[in-house]
Amino acid sequence: MTATSRPGRPVLLGQNQYGKAENRVVKITRDGGTHHIKDLNVSVALSGDMDDVHYSGSNASVLPTDTTKNTVYAFAKEYGIESAEQFGIHLARHFVTSQEPIHRARIRIEEYAWERIDASDANSKFIGADEVRHSFVRKGQETRLTQITYDGESWEVVSGLKDLVVMNSTNSEFWGYVKDRYTTLQEAYDRILATEVSGRWRFNWTDDEQKAPNWEKSYEQVRKHMLQAFAETYSLSLQQTLYQMGARIINSRAEIDEVRFSLPNKHHFLVDLEPFGLKNDNEVYFAADRPYGLIEATILRDGAEARIPVDLTNL
Amino acid sequence: MTATSRPGRPVLLGQNQYGKAENRVVKITRDGGTHHIKDLNVSVALSGDMDDVHYSGSNASVLPTDTTKNTVYAFAKEYGIESAEQFGIHLARHFVTSQEPIHRARIRIEEYAWERIDASDANSKFIGADEVRHSFVRKGQETRLTQITYDGESWEVVSGLKDLVVMNSTNSEFWGYVKDRYTTLQEAYDRILATEVSGRWRFNWTDDEQKAPNWEKSYEQVRKHMLQAFAETYSLSLQQTLYQMGARIINSRAEIDEVRFSLPNKHHFLVDLEPFGLKNDNEVYFAADRPYGLIEATILRDGAEARIPVDLTNL
Amino acid sequence: MTATSRPGRPVLLGQNQYGKAENRVVKITRDGGTHHIKDLNVSVALSGDMDDVHYSGSNASVLPTDTTKNTVYAFAKEYGIESAEQFGIHLARHFVTSQEPIHRARIRIEEYAWERIDASDANSKFIGADEVRHSFVRKGQETRLTQITYDGESWEVVSGLKDLVVMNSTNSEFWGYVKDRYTTLQEAYDRILATEVSGRWRFNWTDDEQKAPNWEKSYEQVRKHMLQAFAETYSLSLQQTLYQMGARIINSRAEIDEVRFSLPNKHHFLVDLEPFGLKNDNEVYFAADRPYGLIEATILRDGAEARIPVDLTNL
Amino acid sequence: MTATSRPGRPVLLGQNQYGKAENRVVKITRDGGTHHIKDLNVSVALSGDMDDVHYSGSNASVLPTDTTKNTVYAFAKEYGIESAEQFGIHLARHFVTSQEPIHRARIRIEEYAWERIDASDANSKFIGADEVRHSFVRKGQETRLTQITYDGESWEVVSGLKDLVVMNSTNSEFWGYVKDRYTTLQEAYDRILATEVSGRWRFNWTDDEQKAPNWEKSYEQVRKHMLQAFAETYSLSLQQTLYQMGARIINSRAEIDEVRFSLPNKHHFLVDLEPFGLKNDNEVYFAADRPYGLIEATILRDGAEARIPVDLTNL
C-alpha cells in the first residue's frame, strides 16, 4: 500500500474505499406459476482517485453511495441474478469501466437460501396445495458468501460460507501435546469435535478470456466435499481436520487454488456425573460458549500464491 | 396474583420465580456406530414459599440454581431425552414433588435440530464414507420451543417455534382499509408476504391420567400444517393468514386447543426502477429491516380457555 | 380474555393486536446553535373490532400499520417529544379517540440517550470548539423503556430499562441453602454479585384528571435509587438484593406502585490458580456466559394490584 | 506468505495460527475498601512450526489452547492488569520466548469500561452509602480494543475501539458529486451526519529499548481528539471527516503513526411530512438500518508504512 503524498502535508492518505453496504435485494423470477427466488445482501466498495474528497471534501470524483445502491437494484432487473458470483461480476465491471476515477471495485455478497414449502398431501382435505409453487421457507443453515474484485484487468473471486455448524460425536482424539507450567488439560481419546465453519475459497479464474466456472455447481460441490472430509476424517486435532477439509476441496475441484478456514472449536465438555452416583459413558455433554479454541489456516494448491487475508469479514 | 403481606411492611412481594437459565445439554445416544443427538437449552423457573429469601436473605428454602443445573445434566443420563416435552415433564415433576417449599416449576426448552452429513458417493475415491453415522450438520431453520408448567396437580404444556422465515411471492393483496389524515399507503393487489413465525400452541393434556401426546410427531405435524396453511392461503391481510394458520392447526390436531402467533410483516418493497428507464414487473424488491408490521393473535378451539399470555419470551 | 364466537365456527379468535413496530424517530430541536436530541424506537399495537380482518380478510376496520408509522413521525412534529411517556400518551389517545373500531392502544418506546461531545480545550490549536453545540456521542448504558396503554378511559404507564450491567465486587454471600442429592455448590462468603438489570415500574397515574408525574425526573430518580440500593445492600442472595432495589423505589417514589425485575445472575467464578502455585485471593475471576441464575420478582406497594406480567418483552 | 512444501504433496499449508479465543477475565484490585476493576476479553493466536499437526495430527509441537487460557488467568495474578496493552505484551512475550516451536504471538483484547455507582446523597435516609467503593455500573459506550503482535524481535501494537456512535445534527453537506444514469440522490446542504466509529491506531513503539507509551493516557487522548475532530469539522463528505479525525490523531499524538477507520454512514432521512400538511424544517428524521454508506481509509504519518490491514476483525 502506498500513501498519497501532498506537498507540505505531513499526514497522508493510505488505502481507502467506499460504497453502499448491505443492499438487500430479492429477485423473483416467474416461470408461469412456478416462482424462483434469489435473496442477496450486496455490499459495494470502490477505490481510485479519491484524494480530493478526503483532503478537501470535494465530491467531484465521487459517485454517491446512493447511486451504487440504485445500480444494484437496476442490475437485478437488467441482468437478472444467475448466481451471486455472476451478479457481482456485472457490478464490478460496471463501476470500473464506467467511472474514470474508479480503478477498483470489490463486491461482497451474502446469499440466503430458500426451499419450497411442501404441498399438502394428495388426500388432504385442503385443496390447491399441489398448485402452490410460490411459497418458500428459508433454509437456515449456512450463509453463502462471495467477494468479487476487479481492477480493470483481472478478476479475483473468493467464495465461501459462514455459520455452518457441524459435529462429530466420536472419532476425535487429542493427546501428545506440549505440557508446560500452565497445562492442566487431560488427554482425550474419544471426544466430540464440533465447529462452526467459516470458509473462503479462491478461484483460479482471473481473466475474461478463461471459461468461467459454473458458480452454482461449484458451491454445491465444495460444500459437499468439505462436509464429507469433516465427517470422514478420524481426527487427532482440529488442525488436522481443517487441513483435510481444505485438501479435499483442492483435490476435488480444479477451479479452486486456495482455501482458508476459521474454525472455532466449539467445546462440548463431558459432565462429571459421579457426585450423583452416575456414570457418564460419553453421553451427556455441556456445550460451552466461551472461550473456545480458534484454529485458522490457509490451504494451497502447490504453486499457487496465497492471497486470502488472515482476517475475514463479510461486508 | 396476590402479594404476600407482612405485618408492618409497606412493600410486598408479588409473583416471583428463580432457577438456572440456559443450561446447554447435548445428549449422544449410541446405537452401535449409529449415533443420535438431542441438543437442548433448558431453563428452570421455580416458585413457592420464597418470602424469606426476598425479605431477609435467608436461603433456608432455596434449592440453589446450581443444583437445578446439575439436575438437568443428571436427568439427561437418568431418563434420557425422548423429547423436549418429556424431558421437561421429568424435571418439573421432580422439583415440585421433591422440594417442600417449591409449589410450581416451569421448564422452558429450546431444541436445536441436526441432520446427518451425507456419506460420500459409492464411487468416491475416499473410503469409509458409508460407515459414518456419527457426523451431523445443524439444521438452521426454526428453533423448537416448549414450556412445561406443573403445580403438583395439573400440567400445562405449551410448545412452539421461533425464527421460521417464510415467504409467498404472490397471492397476497392489501386494500380496502381505513384511510385517515395520515394515510399515504397505496393499495396492493400483488405483493410479497413474508414473515418470521414465532408461534406457541397449548396442548389439552393436563393430567397424568390422560394419555400423553406423541410430542415428536405432534411437532412435526403442527409445523407441516402451519406451513401449508401459510402457503395455500390467498391472503387479503396477514391477520387473515395468521388466523388460517392457527385454525388449520386446531382443525388438524386434536391434542391442541390454543395457538398464539406473533408475526412480523417482513416488508419487501417493490423498487422504483422508472428513473432508470426500467419496468419492475413484480421482480425486484428491497427487503426492509425496520419498521415492520407486527400482527399478533390467539386462535382457540371453541370452548377452550385462553391461557397463553400476550407476550412470549423464550427463557 | 374472551374469544369471539361465530355461529358454526369451531375455531375462535382470542386476544389480538396489530401495528407498526420499531419506528425509529430522531427529533432535533434547535435552540439557536444549541441542539437537543430525542432518539426513540416506537412500536404501536392496536386492538378492537378486528374480527372481520382475521376471519375474512376484510380490511374495512383496519387502519394500516403504515398509517400508524406516519402518525408517529407526524406527531413528532405536531407535539414534539417532551418525554417518551408524554409522546406515547399523545399517540395512544389519538388512535383510540380517532378510530371507532380501535378500543385500546399500547405504545412501547425504547429511548437511546446521547450526551454532548466535550469541546476542545480553551488553549486548543483547533478553533471553534467551544461553539459546537450540535455534536453528540451516544451513551451506551441502559436503554430506557416505556409502555403506555389506553382504553379510552384509563391509562396504564409502565416505564423501565434494560441492559444496565452492575457489579458489586464484595459484600455478597450465598450459604445456608437447601442441599439435595444433586447439590454440589460450595457456600460462598465473599463473592462477586453482578447482573444485567431489566426492570419495569408502573405508575399510579391512570386518569387525565390526575396531575401527571414529571416523567423525566421520575426516570432519573428511579434509576438513581435502584442503583444505590444495589450498591448499598449487603447481599445474602440476589433475591434479597432484588427486593431491596424494588422496595427502595416504592419507598422513594410516590408515583410508583409496582416494580418488576428480571435479574440474571452473571456468574463470576474465582479461577483455581493452585495448579500454577498461585493463590487467588478474590482477585481473578472468569466471567461466564451461560448458564446463569435468573431471579424474577414483583415488588408492590401495600394495597396495590399486581399488573405487570411475568414475562417482559420490549416491542 | 509462503506455503510450506512437502515432497510429493500437492496441497500445501499456508499462514496458520491457533489459540484460545475470548477468555473473559475480570481482575479486582483492592485498595482497602476501594476496589478497582479490569474487565477483559482476551484472544490468543500463536504461529510457528505447526506443519506436523496439520499434515499428520501430531501434537508434539502444540501447546494446547486450554493452556493458553490458563496462562491468561495466571498472568492476571502474576503481573496484574496495568493496561490491556501491557497485559498483552506480557502474554505475547511469554508464548514466543518460552515455547521453541512458537515464533509469533498475537494477543487481541477487548476491554469493557466500568464506572462507580454514585453514593447516596449526604442527607439520604439510607446510611453507609458514602462508604461504598466496590459498586460499579458498566459504561456502555465503545469497546476498547488492542492487538499485540510479537515475533521475538519487534513489537506491533495496534489499539482502537468499536461501537462508538456519534452524531452531528448540522454542519454537514453533500453535493457536487458525480451523476450517472443511476443517480437519483438530491444534494443536501444541511444533513445529519452520524456514524458508529470503528477505529484502529498503530503505535511506533516496536522495541523493548524504546520507552513504552502511557497506554491508558494515550487511549484517553486519542479518543478525545478523535471526537473533537468529528465535532469540529464542517463536513462536505464523511470521507473528509474521516481524514480530519485521523489527521487530528496523528498531529496530536506523537506515539501514533497510522490510523484506520471504518465508518458506516448511519443515514438519518428527513421525513416527508407534506402529505400531512406539515413542514419538516430539519426536525424529524427516520434513522435507517440498511443499507448504509461505508467509508474506510488509512491515515498515515508522512514516511510511515501502512501496516493495518483493510479488514478489521476483533478476535
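Letters A, B, C and D name the chains as they come in the text, with residue numbers starting at 1 for each one.
The criterion applied here is as follows: a residue touches a chain if its C-beta (ideal position, glycine included) is under 8 Å from a C-beta of that chain, and two chains touch if they have at least 3 such contacts.
Quantities reported herein were computed from a predicted structural model and do not represent experimental measurements.
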Taking each chain's centre as the mean of its C-alpha atoms, which one ends up farthest from the centre of subunit D?
B
Per the C-alpha centroid definition, the whole-Å distance linking subunit A and subunit C comes out as 37
How big is the gap, in whole Å, between where the Cα atoms of subunit C centre and where those of subunit D centre?
29
Rounded Å distance, subunit B centre to subunit C centre (Cα mean):
23
Can you tell me which residues of subunit A touch two or more of the remaining chains?
24, 70, 74, 182, 184, 275-276, 289-290
Please classify the inter-chain touch graph. Allowed labels: line, ring, star, complete, other.
complete
Residues of subunit C touching subunit A in the complex
181-182, 184, 275-276, 289-290
Per the touch rule above, subunit A residues touching subunit B in the complex are 24-30, 35, 37, 39, 70, 73-74, 76-78, 114, 117-120, 124, 126, 128-129, 132, 134-142, 163-171, 192, 224, 227-232, 248, 268, 271, 273, 275-276, 278-280, 282-289
Counting only contacts in the complex, subunit C reaches subunit B at residues 1-3, 5, 9-24, 43, 45, 50, 53-67, 69-71, 74, 98-99, 101, 174-180, 182-185, 235-237, 239-240, 242-243, 246-247, 250-251, 258, 260, 264-265, 290-302, 304, 306, 309-313, 315
